[in-house]
Amino acid sequence: MKKWLVMLALLAGQAHAEDVLNLFNWNNAVAPATIKKFEAQCKCKVKETYFGSMEEALAKLSAGAKGFDVIGPSNYGIPPLARQGLLLPLDKSKLPNLKNINPAFANTALDVNNQYSVPYDFTVTLVGYNATKLKELGLQADTWSIVFDPAILAKIRGKVTVLDDPREVIAAALRYNGYSANSTNPDELKKAVATIRAAKPYWAAFNSQSYIKELTVGNIWVALGYSNDMFQARQDAQAAKRPFEIAYGLQKEGNGMTADSFVISKHAAKPELALRFINFMLEGQNAAEITNSIGAGNPNTAALPFIRKELLSVPAINPDKAQAAKLEQLSDQDGKTRRAWNKAWTELKLVR
Amino acid sequence: MSKPVYGLGGRYAKWLISAPPLLYLLLFFAIPALIMVFAAFRFPGDYGGLVPLVDVNPDTGARELLLTAENWRDFLTFENFGRFFEDSIYLELFLKSFWYAGLTTLICLVLAYPLSWLIARSGKKTRDLLVLLVILPFWSNFLIRVYAWMIILGPQSYFSRVLNGFLGIFGIEPVSLLFSQFAVIIGLVYVHLPFMVLPLYANLEKHDMSLLDAAQDLGANAWQRFWKVTWPLSLPGVWAGVALVFIPALGMFAIPDLLGGTNSMMIGNLIKQQFLDSRDWPFGSVLSIMLTLSVLLLAAVAAWAGSRHKKKD
Amino acid sequence: MNKVSRWVWGAAIGVYAFLYLPLAIVVLFSFNDSNLNAEWVGFTLKWYVMLFNDEVMLEAALNTLGIGLVTCVVATVLGTLAGYAMYKWRLRLLPVLVLTPIAIPEILMGVSLLIFFVMLNMTLGLVSITLSHIAFCIGFVAIVVRSRLQGMDESLVEAARDLGASPAMAFRKITLPLIMPGIIAGALMAFTLSIDDFVISFFTAGVGSNTLPLEIYSRVKVPMKLNPEVNAVSTLLMLLTLSLILIVSKVAPNALRAE
């Protein structure tokens, strides 16, 4: 409603004096309370615009949408943004809190030396499951075979969904076959596709949107999805006092992982304010709030003391050294690989 | 041509009346759309979007066109169209989508016809209310409505349990309604139904009841009255409804995404995948052009068949 | 009531039931004391309380309604003109321009409009969303209006002309009232399409110009925020629109009814 008032004010010829920081990000990634805290500190206003998928945001920015100061892309979105000249290199002298970043998440191939980006959370692609049901059936979810092995799937036919995302599902199938999630080898891709093809008849759907709910309701028992979604499903099931427990864990063959980062737009009207915001988000307590509210993993070492205890014991949120070594950050693919995977995916979806 | 009888006439009327919508659509649809139609002949950028045709000269800061008479092959190509034709899966997907959309349209027509007929025959006051009641559910959010269908079709719902209990009596295995082609068709019919009812109603409402009375007086039974009088007169409404259901249903992606199983992909999903997954705008544009052309071709054939039909009469 | 009309009534009630079954769930669950949205737990008004404290959602709802109303009015006027012109004259370009926006995939249209607005250096926002919505709604109105005109009894207009009415007068007094049901049907479709649009709105929206579908879709990834508050806002938007229409039909009954 405010906007209409603001528009009226503008029509009346009055300008708005307050500084405004425009943030383009996932909905709720930064808790509303944290935003309020920053607004009080900087005596400015933070205006958030949301996206629901990284690729949607990329398409929009590639087509030339402007007006954002800080963007919060997934890391594989950084190279496309940077190569298209849409990002401003970070002035690190203005980011003293950069020291808080866990070295394991700093300086990755997706942004060498963190020229453009600072990670703020990470999500693991893993299996979430109805623990009660699987125990009844005597099945284990600590391996990708729960999603890919037809012999095991036969017991849970029609109760499994996987993400509607070639990047994630093929990556998981590659790990299941013992390959890198970022493989560009056509033979390895072929094997992964064969794995998916054999498993597909047992799956209920490709589902990226509602699997959390289907899990909590009990419509499906196994879902290949994101760790923070599974965190949510588990909480929801507990809150609704479902007669079963939702659990999630890493797979022993290794999991794909995606970090989200803050970057500054080349067209930022307030680059200084943007840096202040990023530095603010790097403070331990503010960074911890992200994990506490959405159950994402945290790449900030200073955040650990502020994260709720029960979350720290979740491997997908706080992996130990051995577990972290098996997490593989998904790379951004080149055009050729992307096309090959895409075509394989289309064929997979069409074949019965 | 005889003097203009219907409504506005005059020499300039044709231009005065058709210019506003024409100009609006040229400016806010045709020109922008041509940018993306042109994209079908370009190369995808390595990192999304398209390989740029203009670049900013680092020395002068001026924008320069990279495309020249010699190097146009580096920027323009027919390869994207070649990809479409070299593999039968895309054609297969088109046929499947046509089948889904066609079935949806047919079911919508069967459901909408009696309803529209009834609304058109009601008293003036009830009529407005009944029309409003058709569209009212569609003012709640799309996603929330579809989620409601997911609840209804889900295996835990009363509906599913009653149905499967019933099937069980006959020894039939329980069926899963959600995540199936059945759910996709239900969803497609549901979201498009008002777009069949409204044009049909707008057409049936003007029918002259005296014609039906005359037919009855001549001894025609209900079926004959419908088939010989009502149906032929309602054809323009039927065609409008068919167009407004079939065409949007053809390009739908949200319903198969949400309600479909592992075999429910439609052409809309493939197009969405090009833009929001493989960042292959040129191929997405090719698929869109093919889809649009096939619709226009179908419309032209229908119009041609219609005019031949008329001549025969 | 004879056998045939009983049969028709039965079918019509069945179709209404089909239309209202999901809506009943949407409304019912807006009062449900569970954020799972899956089964009835108990009555509560907390989602409405939450909604009234959720400025973002309310603003999005207001934007949606505003865009929907402007789109509805402009698209109906332009669409009616287009439908009339297509009925009256053999035009080549207009029918193609009317049909193509319906046929073209919305993603392509969204991206191309975004590129176009950027080229024009236009600030993205409520205006660019509205302009885009009008573009894809015109066709729906035009097609219904034309089908209403087709096979119309032309003798009335002829009579009016013979009695000395000017063409404009004949249009206003005879044609317009006759095609009013078509115009209303088209207007309802345009409004519905506009308030429900996600794809084109996403691409043409600017900084902070949020609409309800945009807000709700962005919450899909944040299930904690995709709670029955969304049902509540859906229910309220529906009621608000309904009451707007009822008020208009009371204040200006002739505007909405075919005479």
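For clarity, chains are labelled A, B and C in written order, and residue numbers in each chain start from 1.
Methods note: a contact is a pair of C-beta atoms (placed from the backbone, for glycine too) under 8 Å apart; a residue touches a chain by one contact, two chains touch by 3 or more.
Predicted, not measured: the structure shown is a model, and the values here were computed from it.
Remark: among chain pairs B-C and A-B, B-C carries the greater number of C-beta contacts. With centres computed as the average of Cα coordinates, no chain lies farther from chain B than A.
Centre-to-centre separation between chain A and chain C, using Cα means, comes to 35 Å.
Distance between chain B and chain C, defined via averaged C-alpha coordinates, is recorded as 15 Å.
If you average the CA atoms of chain A and of chain B, the two centres end up 34 Å from each other.
In chain A, the residues that touch at least two other chains are 53, 56, 59, 63, 209, 213, 217.
Shown for chain C are the residues in touch with two or more other chains, namely 37-39, 111, 115, 217, 220. Residue positions of chain B with contacts to 2 or more other chains are 147, 154, 156, 275-276. By the touch criterion stated above, chain B contacts chain A in their complex at residues 44-49, 87, 89, 92-93, 96, 147, 150, 154-156, 176, 178-179, 257-258, 260-263, 265, 269-270, 273-280. Interface residues of chain A, counted against chain B in their complex, comprise 53, 55-56, 58-59, 62-63, 79-81, 83-84, 158, 161, 164-167, 200-201, 203-210, 213-214, 217-219, 332, 334-335, 338-339, 341-343, 345-347, 349-350, 352.
Across the interface of their complex, chain B is touched by residues 4, 7-9, 11-12, 15-16, 18-23, 25-26, 29, 37-39, 77-79, 81-82, 84-85, 88-89, 91, 93-94, 96-109, 111-113, 115-116, 131-132, 134-136, 138, 140, 142-144, 146-154, 157-158, 161, 167-168, 170-171, 174-175, 178, 181-182, 184-186, 188-189, 192, 195-196, 198, 212-213, 216-217, 220, 230-231, 233-235, 237-238, 241-242, 245, 249, 256-258 of chain C. Within the complex, the chain A residues that touch chain C are 1-4, 22, 24, 26-28, 47-53, 56, 59-60, 63-68, 209, 212-213, 216-217, 229, 232-233, 235-236, 239-240, 293-294.
Chain B meets chain C in the complex at residues 3-10, 13-14, 17-18, 20-22, 24-26, 28-33, 35-36, 111-112, 114-115, 117-119, 124, 128, 131-145, 147-149, 151-152, 154, 156, 190, 193-195, 198-199, 201-203, 205-206, 208, 222, 233, 236-237, 239-240, 243-244, 247-248, 250-251, 254, 268, 271-272, 275-276, 281, 284-285, 287-288, 291-292, 295-296, 299.
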